[in-house]
Structure formats: structure tokens, C-alpha cells
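Letters A, B, C, D, E and F name the chains as they come in the text, with residue numbers starting at 1 for each one.
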Amino acid sequence: MRPSGRAPDQLRPVILEPGIARHAEGSCLIRIGHTEVLCTASVEGKVPPFLRNTGQGWVTAEYGMLPRSTHTRTDREAARGRQSGRTQEIQRLIGRALRGVTDLKAMGEMTVTLDCDVLTADGGTRCAAITGAWVALHLAFERCRRMNILAANPLRDQVAAVSCGMFEGVPVLDLDYDEDSKAGADANFVLTGQGGIVEVQGTAEGAPFSEGDLAALLALARKGAAELFARQRVAAGLG
Amino acid sequence: MRPSGRAPDQLRPVILEPGIARHAEGSCLIRIGHTEVLCTASVEGKVPPFLRNTGQGWVTAEYGMLPRSTHTRTDREAARGRQSGRTQEIQRLIGRALRGVTDLKAMGEMTVTLDCDVLTADGGTRCAAITGAWVALHLAFERCRRMNILAANPLRDQVAAVSCGMFEGVPVLDLDYDEDSKAGADANFVLTGQGGIVEVQGTAEGAPFSEGDLAALLALARKGAAELFARQRVAAGLG
Amino acid sequence: MRPSGRAPDQLRPVILEPGIARHAEGSCLIRIGHTEVLCTASVEGKVPPFLRNTGQGWVTAEYGMLPRSTHTRTDREAARGRQSGRTQEIQRLIGRALRGVTDLKAMGEMTVTLDCDVLTADGGTRCAAITGAWVALHLAFERCRRMNILAANPLRDQVAAVSCGMFEGVPVLDLDYDEDSKAGADANFVLTGQGGIVEVQGTAEGAPFSEGDLAALLALARKGAAELFARQRVAAGLG
Amino acid sequence: MRPSGRAPDQLRPVILEPGIARHAEGSCLIRIGHTEVLCTASVEGKVPPFLRNTGQGWVTAEYGMLPRSTHTRTDREAARGRQSGRTQEIQRLIGRALRGVTDLKAMGEMTVTLDCDVLTADGGTRCAAITGAWVALHLAFERCRRMNILAANPLRDQVAAVSCGMFEGVPVLDLDYDEDSKAGADANFVLTGQGGIVEVQGTAEGAPFSEGDLAALLALARKGAAELFARQRVAAGLG
Amino acid sequence: MRPSGRAPDQLRPVILEPGIARHAEGSCLIRIGHTEVLCTASVEGKVPPFLRNTGQGWVTAEYGMLPRSTHTRTDREAARGRQSGRTQEIQRLIGRALRGVTDLKAMGEMTVTLDCDVLTADGGTRCAAITGAWVALHLAFERCRRMNILAANPLRDQVAAVSCGMFEGVPVLDLDYDEDSKAGADANFVLTGQGGIVEVQGTAEGAPFSEGDLAALLALARKGAAELFARQRVAAGLG
Amino acid sequence: MRPSGRAPDQLRPVILEPGIARHAEGSCLIRIGHTEVLCTASVEGKVPPFLRNTGQGWVTAEYGMLPRSTHTRTDREAARGRQSGRTQEIQRLIGRALRGVTDLKAMGEMTVTLDCDVLTADGGTRCAAITGAWVALHLAFERCRRMNILAANPLRDQVAAVSCGMFEGVPVLDLDYDEDSKAGADANFVLTGQGGIVEVQGTAEGAPFSEGDLAALLALARKGAAELFARQRVAAGLG
């Protein structure tokens, strides 16, 4: 029934390649189906003005798409001179998701910037970015720990994200681009390893959806996230 | 228990003043507690490039805050030369919410721009904007109908929004600024008169929240929305 | 003879509502005919770089129009990413006008920002902004005085502004939008309570005007300003 | 009494060099004292969108200062990425001044852009720009006439500008930079050859000025303008 | 002698991976030492305004660096809102280099945009971009040929680029980042398969260099380019 | 053979007017044929952030064209809100050229900004800018020396630039606009008084050029530069 031929509760193949960026303190290339996002974590020993002298750290994110990561070429945001509303919305989401599982006080006054750059886009790029960024962030914190910059890893839990949607009336897991453009509703769930919800963003594209639909999508998301958490642990060397 | 002294399921006082903007095709000033948002609907007989020659219309939104709508003065976005990520995120949300209940094909090739400008901010401005914008849009469509520009009003349903949150572990309805800044989780629900969900955006500010929390917040939102729908109908002359 | 039916030396009805903005240190909503401008005064305990360590304060202004304050919708300057030349010219004028009656040395190192936002435009918005901003500024200074931040109110005099023009060869007071667009010459006068001229800006739209015309327009302006000064005193609690 | 040693009603030495810009349709370098402004007129066979198919032409102006035209270096506006409010105000003034003596209907659908670039600034640059731009515009129109693009020169009159001010209580003509920075009031007058006023902009820098002051300044301006008109006629070959 | 331990005339290991970008009409990932640049060619059936109705095509380039391609994180140009002078200079160079071997007339009215995005930077990114972009462009043209959009491949020759420099007085081939930052002179050569020079850019970082130095650097560049041409042919399927 | 009628190795007439800008610490107007560039040197007693507390100075350049310096009017970069890639490339080149002959350590922590503004463009503006800027810089340094701000002039050598090109297969010196637009290759050489090369930028406009062409163009450049060096010495009072 799905254009992809997958079962409704079937994730696309997922590959996480940790440590791929030569210069970054932490990095991970995540591939989920054809979608590819390069996530790097950059550590800097200072914080934004609003946190100075608070003893607290900060985790922030930036998101971008290579111009030809998309089916037809997308204008380069640097050339247009501004980031789109969509880009800003996504990078704010990634930042909130990772801060949701980080003990900012335990970081001390340092900032980690998570750059999530889409090399190939085929649906679910913001979710892939969150899932891959967690690995990059974990590796960067571990590196700081080995260098005695941090006494312990400030991550309190894992966080991963997955999109689900109503496709021809049936709840399905992990929409690819083709399915996403035909879905009646689309929801992104950011979940923690302990089972908590960090963020939910559900949007009806056509007809409104029901409370029952929302529950069914969340159940699928939990199933998909379990697989993502397992792969994150392996990539982070926790497996 | 709440700083405002309200019961957990109690909305702030709501006042909708239709027709307040002299020049606009439709308008509504919404007051909910101290929050005040002026919503205007402007009709234009053309559509954005991607819709030309499709016979379909468009509804879009812009959002702004007067510099001193806030407790301390906020920089004017026009002077800074760019809209913040938050502003763009909100105006995209308002646009999706209203398009979710509009039959764009029935509009023909016209655009309605909903300007939602916050005169006073005390929490819940994006939800107030959606609720007020529906009235402005309805009035603008009615005006087009009376002028025979439209054969029927293209609105298929009402739409309203309300924020709920976990305050000291208790689900509460309609957060004001003071409560919002202390809430553990915060969710905005965009609901239709028929009971459907157009959009849900839930974010854990501190600890992640559970599926049960989400259900409890949604139940509160439905209660609050019922009151908002009633007031919209009166303001729109449907009461 | 005038489209508005007013006598040549007749001002539109004027209403000043002081204290209307909940969060601002001083505020005033001015209505003159259909024109409505919300003026707020925001106090900050620092000065721009060029005044640091001079012991002197600063008064500055920003001006904006809500997109649908105008007959047809005007693009939002924040969305376009720049303030128009007209906007910058007007906010510079407002700032000069208010500084012209303020003892900046007596302020000490504080800045008051006057935000003048047009809710409805029907001609004369820059003059209304100056007249209303004086009330907002006075109230903000009084508040600082009551809080012992200032020993005395640094305002040395009242200031108000009014536009006059040549309409079908006859000098008339207080042009509305309809008259302004047909006027042969248009002059804005910024006057003090003591009778001095702070600023005069006269422009011939069609044929040049004469020295006699200029004198006639100034006489009308004085008459209109007298009424505005009286209303300011009442709104400021000096009446 | 004046720092410059000039009599109160004495203009600085004025030199107009017509035809100085090799590529422009019309041009004039104006020197008044140490102030130098290069004015060029560029003709283009089309009009801005709001004038298309009206049969009417347009005259517009742009103004700039070379970074080291000033006593200490001023940032380059192109490098900062925006024109200052002062620049926009001045170029709008120059445009209005020249349109005030041009029969736009007689131009047909063409645009003349007047670029006024300050090579050396020593006070009065906006007035010098207007005075020089008239010569450049006249020469460009004459060139169009000789090429039979225009049947007649659409200029109906001369226009020139001069600044006057109150210096230590005495009205003086043509302020240089040193005098301007000490003047109590400063007024720019844009006058026509026939004696009409196209624009007057008077500002009190310190104490407000009186109606008598304004009249005295205007009388001085008329005297100065008479000399400028004579020099314009010579430079334009009308002498 | 070289920090890298390479012989003066020794290129770093070069790998070209053609066809790596799923959606692009042509693509090539080039690795030279640690430097990695992803080059994609995007075909569009229209040309910039200055070429409309000329029957001629256009080849243009854009260049970017991922924020953490560099040793320490570089600000994202999209977030800063402008491309740096260096970026613009490089993308103009890439465009000229590829146009130098393309028969634009034979393309017809189509545009190929070459996006060169640096995944890892370790010196020589602009040269790598040119060398990789040629492969991407060749593949895109071949694809158009197979689809009968083009009758023949409009590339007249190969083009590749390599940087050389004076390192401690000795001419060396293919500077890496470490060598580049210590080089006394640095020259980029863009050469064609036929032996012609398309572009040479030589800069003395410290002491000026001599005509003899320039000749020695060019000789090294020819040697390096020969190896790059051989690898391009293999990657392009011409081997 | 050349459109200009000049011999292949003949420079256009060159005039250097030192000290032409009233306010600048050093200045020079250079005329080469019809091309005119006004070069000013502005001294400031501080350095960019990356040089603070290093004891070293900085020399930087900015470049601009008056809108009607060109055959048809070019948009004003300040009005467009950004400098073009060409402008940035040129001002980076000018800065590098002058720094190449300056002992930055001997300057101490001061910055000299060289503003090169094109009054009339007829080919070779970037080369003229470099040649004229050297005189302005020399004069500014001499002034600092006379004021005991500098113990000695930090210029180690002269620097001048000239463009050469292949015109109908023949190497020619100093291309004017007409020749440049028809040249098959175009190279700018930045040379020192001692005979060294500071920068070479050669570009094939049509067919690639050969090593022999490059050598021939360099020989012409040396001949032209000798004449420029002589004129610089006279203008700088060293003659």
C-alpha cells in the first residue's frame, strides 16, 4: 500500500557513521533511506551573553540543505541573504530537542553548536538531524571528558525523532518524501530513551485528525524510536 | 495554586471586537486577559506565483509585536532588518491553521493576508491571533459575498487555538505570561469546531512529559476552545 | 468647500487617552479624526555610545504603520527587511521635536525611546505622533520623578505639531488624507507652548507657494496648536 | 563675527563646471566654498512601475558622500549595506525640488536620475546638490532636445537652494560646516527663479526660533539664490 | 622538508567519485588529501536575463563551506546573511574556469549551476572544486545528450586546477593547509587538457616573487594537472 | 591596429595629482587616459580585532564607482544594499598590493584605509587605483612622520599595477575599455619598484593563452610600470 512497499510500522534502513568529520569534536553522518544528514558538534569555551557568569552552558543548532540535496535545485540561503522561516523553525526545534536531555548546569560555561547539513533530502530530514546530532553531541562531550574539561558527560538521556503520518487513512511510520507529500497528517515526535515526550508537532495537511489518530501515530513513533535508540548506542560506543 | 488564582480549567476573560479596523475588509481585536491582538484581513485579487492559473486562492498570515507590547521593550523588527525565527514560526502556524478550515478552491484566485499585531503581550499571543484571525477572515469573506465576489463563504469550519501546560505537575488551561515562564510543559492546540485537530505543538520546557499529560492537556484545550467558538460565532454575527 | 466640510481653521476632533499601554512607563493613544497613533515611552538606564560618560540623556523615536492602517494594505517593513526613507525621515523628525523641549542634561544618563505606531492612518500621522509622544514622555518622566530616579521633570515646555496646506488656493488647518492628496502645498509645523518654532517643513506639491502663503499657514498652525496644548495638559494631568 | 569672516549676507565663492562627467547626458560640478558636489543626470527610456502607460516621466535623485569627503572618515554606505536615514532624507528632498520645476507630462515616459556625490563636505551639501543638479538636468534635457527625443525642454523654471541660520543671534547666509555646528537654528530654502518657495525646512538646534527669525532667514535666502540663479544660467549656456 | 613529507613535485592522493549525488544531473565528490568537495551540476531550461533570446547557454558556480569543514568552526554564511568576499571571489573563479572550456552557443538556452560545497577543508579547496566540477559538468551534459536535449557534449576540453607555492624558497606542488599558511607565495593555475592557461592567480604573501619563480610554479602545475586530467577521464567514463 | 591608435607597448597619458582631497591625511587623483580614480588615505589610531595587542598595523582598501562613472548608469551599491562580488574582489586586491610593500610592524597599531573611488571609468580602474593609492599612502605616512607619530616611513618599496592583454593575437599594454571588451586574454600585474611580482591575475576571455603569451604580457607590464614608478616618485615629492 505504501509507495515504498514498506509495512505501516517499518522504518527505512538506518545507518549511523560516527566520527566522520575530521575537524569536529564530535560528528555523525546519519542515513535513513535516501536521506543523508551530516551532523557535527563544535565546542567553544564561552556562552551567549544571556548566560554569562551563570555557570551554565548552552547547546544550539543550525540547519542547512545543500542546494542540490533536493529533487530540483533549491536556492542557496547564503546567496539569498537570509535563512527561510522553515530553516529557522527546524534549527530551533533541533536545539530544544538536544537541550531537553542535557544538564546545562553540568556543562559549565561552554557552548556546543550542532550543525546539521542535509546532503540528500528524501523526507524526515529534521528528525534525522535530531537523531544524528545526539550521537555527535555525545561524542563531543566524551572527548571533553577524556580531556578533563568535563568531569562527567552532561547528557541525561538519549533523544531521537521520527515522523509518522496518516497515509490513505492508515497510520504509517517514517514518511519518505513521496509519502509525505501525499499524507493527510504529519507528526514529528521527539522522544527520550526513558519514554518521555520532548516535543510533538502534528499538522493536518488536509482534513483535521482525531485524538485517536494522534495516539496511533505516537505508538508507531515509540516503536521506531526504540530502533533508533539502539543504533545510537552502538554508534556512540555504548552498545 | 495558579499565580492568576484561576481554576486549572478556567480561561481568562475573552472579548472579541469585530470590525474595529476602519480600512480592512475584515478585522477583530481579541483580548484574552491582558493579551491584546489586532487581527485584520486584507483581500487582494491575485495569488502568489505558485498558484497562478490554478483557479485556487491563498490565505497567509503575518505576525508582529509592537515594541512596547512586552514587559520591557523589544527591538523593532523593521529596524533590525529581519524577522526573528520566532516571528516566522508563528506566522507560518497562523497561516496553516486558517488554511486548514478554508476551501481554497472555492476562493478563486484571490489572496487574504491576515495581519496579527500584538498590542499587549501577556502570554498566548499566537493562540489569540489564530482565534481572532478566524473572525477577521470570516468577516472579509462575508463582505466579498455581499459584493458578489464570492458565491459562498469558503470557510468550512471554525478554528481556534489555546495553550495549555503542566504547572507544578497539574495540567492547566490558558497560560498567562507568568505561568508560561514557570510551566514544565507547554502545548498549543489548534482545534476545529467539529472537534478535529489541525495542529498540536507540545514542548517540554524541563522534564519530558508523558502520553497521559498530553491527553490531559488536550482535554483542557477542548473545554477552552468550546468557549472560544461560542464567542467567535457571536463576533461573526452567527450567534 | 473642504471635502470634510470643516471650516478652514477647524481642527478634527481630538482625543488623547493617556496610560493606555499596560507595560510602558508612559503612553498615550491619540485620535485626531480617523487617524489613530499609539505612543509609548520606554525608559532605559543607559545611553547610546556617543553620550557615554557625558552625564547627558537621550530621547529618540521610532515610527511604524500597521500594515492595514492604510486604505489598501502596505507591506510590513519587518518583512521587507528595511525601513523606508519616509519612515526614517518621520522618526528623525519626532526625535528632534521632543529633544527640542527636553533638558537632556537634567535627565542624566538615561534613554527614552518613543514608539509611535499608527493603528489607523487618515492624514497627519507624523503630527499626531509628535503631539501624542509629548504626553507619553511627560508621563514617563513623572513616573521617574515619583520613583526618585529624576529630581524634576526635564521637559522645559510642551511641543505639538499640526499640518496645514493650501487647498484650492485657500489655507486650511489639519489636512486629512483626502485633502492632503489634493493639496497644492503642505506644511508641518512643530511648535512649543511658549510660541516658538521647533521645526517647519513646507513642500509645494504643485505650484510653488509664496511667503504670504507660508505666513498664513503658520497662523493657522498656531491656532490649532493652542487647542492641542490644552488637550495635552489635561491628558498629562496638568489641566 | 562669523568664523569665516564673511558678512552676514555673503555667500561663499561659487563655481559651477558644466559637462564635467564624460559619460553622463548632463553634469555639473558645483563648488561653494570648500564644498564640492558632482551632479550627473542619466536619462533612461522607461519609468517606474507606478507611471507605466501614463505618458508621464519621472525625475529622481540619489545622494552619497565619498568616505573621506568628511573631516574624519565616514563609513561607506555600500559596505554597511544600507543608506542612512540622513541620506534617504536628502535624496528625497533633491528629487522633490527638481520635480517641482519640471513638467513631467512634457517629458513623456522617460526617467532622469540625478546622482549627487559629495567629493568634499564643508556644510551645505544638500543645497549645493540641488543647485548643481538643476544644471545637470537642464543640460540632459537640452541634449534630448537636440536629438529630437524631446520637442522642448520640460523645465518650467530654475530651482536653487541655500541654507541660512541664526549664528549668535544674527541671521546669516550660507552656513559652512563650522558655523553650522554652532548655529542655533538652521533652515534650508528651495526657491524658484520666479520667486516661489518649493520647500522650506527649518530646525531649531537649540532654542526655538520665532516667526520673525524665519522671515529674516528667508530674506537672506532670496538674496543668495539670486546669485545662484545667475551662475546657473551661465553654466547652462542661457547667460 | 615539506611538513607533509611529500616531494616538491608530489600531489596528494586524489580520489574522484562520480555520480554521488542522488538528485543531481551530474555530480562528483573530489578528495585530495584531506580536502573533500562535493560538486553537483544542476540543469535548468532557462538563462539569465542578459542571455535571453540569444540562443546561448550559461554555466555558473556557487561555493560554500560547511561550518565545521574547517579546523575551528566558521560562521554559517546563511546565518550571517551575506557571502564573504572570499566566497564570491572563488565562485566567480570556478564559473570562469568552466566557461573557458564550454561552447556556450552549443548549449542552447540552458543554464548549468555548479554547486561546490566543501565538506572538509585542508587547503586547495578552490582548485579541487574546479577539478571536480568539470566531472560533474561533463556527466550532466552527457545525461542531456542521452535524453536528446543536446546533440553533442558542449565541452571543448578538460579543465583542472592546482595550487603551487614557494615553501622556504623551494617551489612545491599542491599546498595543504599547513604549508599554505607558511608559504611565501601562492599561485593557483587553471589549465586545459590541451596545455592552455585559462587563469593564473599568483600572490606574494611575504616577499615579492620573481619571473623565474612564476615559471617554476607553472611547470609544477602542469605536472600535477596531467595527473588530474587522467583521473577526470576515468571518473567521466572516458578512460 | 589598436582602436586607440596607440603602439602595442604604449601607455595612455598618465597624470597624478597629489593632495587633492582637503580632509584626507594623504590623497591622489590618478588619470590614465579617460579613467579617473580618486584615492584617499585615512589614518586611524586603532587596528582590527585580530591585530589588537600585537604591535602591528594594518592597511586596507575600499573601492567604489560613482553610478555615472560608467558608459551607462550602474546601480548605486549603497542603494542595492550590498557590494558586488567584483567590488569585493577588487578591494581585496588593492589591500593585498599595498600591504605587500608596507612594513606593518613598523606602523605600530594604526590602520590606514585607502578609499579608491572611480569618477570616470574607461578600463583599468583597479590598476589605476593601486598606482594612485600608493601615492596617497606615502603622503599619509609622511604626514605621520612629520607629526612624529611614525619614526620612519613604513613603505619598503613602490608598487604599481597595469593591465595587459592579447588584442587580435598581439600583446598590448594598458587596455582601455574598448580594447578590454575585445581582448582574448587580460592580465593584471602588480609590480614593485625593485622588480618583484606582488600579484598576477591572468584570465583567458576566449581561447586559453600560452606560457609565451604570459611572458610577453609580463614584459610589457614591466615597461609600463617603469613609467608609472617615475610619475609616482614625482607626485610623492621623491623625484
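Operating definition for what follows: a residue touches a chain if its C-beta (ideal position, glycine included) is under 8 Å from a C-beta of that chain, and two chains touch if they have at least 3 such contacts.
Everything numeric here is computed off the predicted structure, so don't read it as measured data.
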Chains contacting each of chain A and chain F, listed by label: E
Interface sides of chain D and chain F: same vs different residues, half threshold: same
Distance between the centres, which are taken as Cα means, of chain E and chain C, whole angstrom: 59
Separation of chain A from chain E, taking each centre as the mean of its C-alpha atoms, in whole Å: 33
Between chain E and chain F, centroid-to-centroid distance (C-alpha), Å: 28
Sites on chain A at which at least two other chains make contact: 81-82
Neighbour-by-neighbour ring order, given that chain A leads and chain E comes next: A, E, F, D, C, B
Residues on chain A engaged by chain B in the complex (per definition of touch): 82, 85-86, 88-89, 91-92, 96, 100, 187, 191-192, 194-204, 207-211, 213-215, 218
Complex contacts: residues of chain E adjacent to chain A: 21-24, 27, 34, 38, 40, 42, 44, 62, 64, 66-73, 76-79, 81-83, 87, 113, 115, 117, 119-120, 122
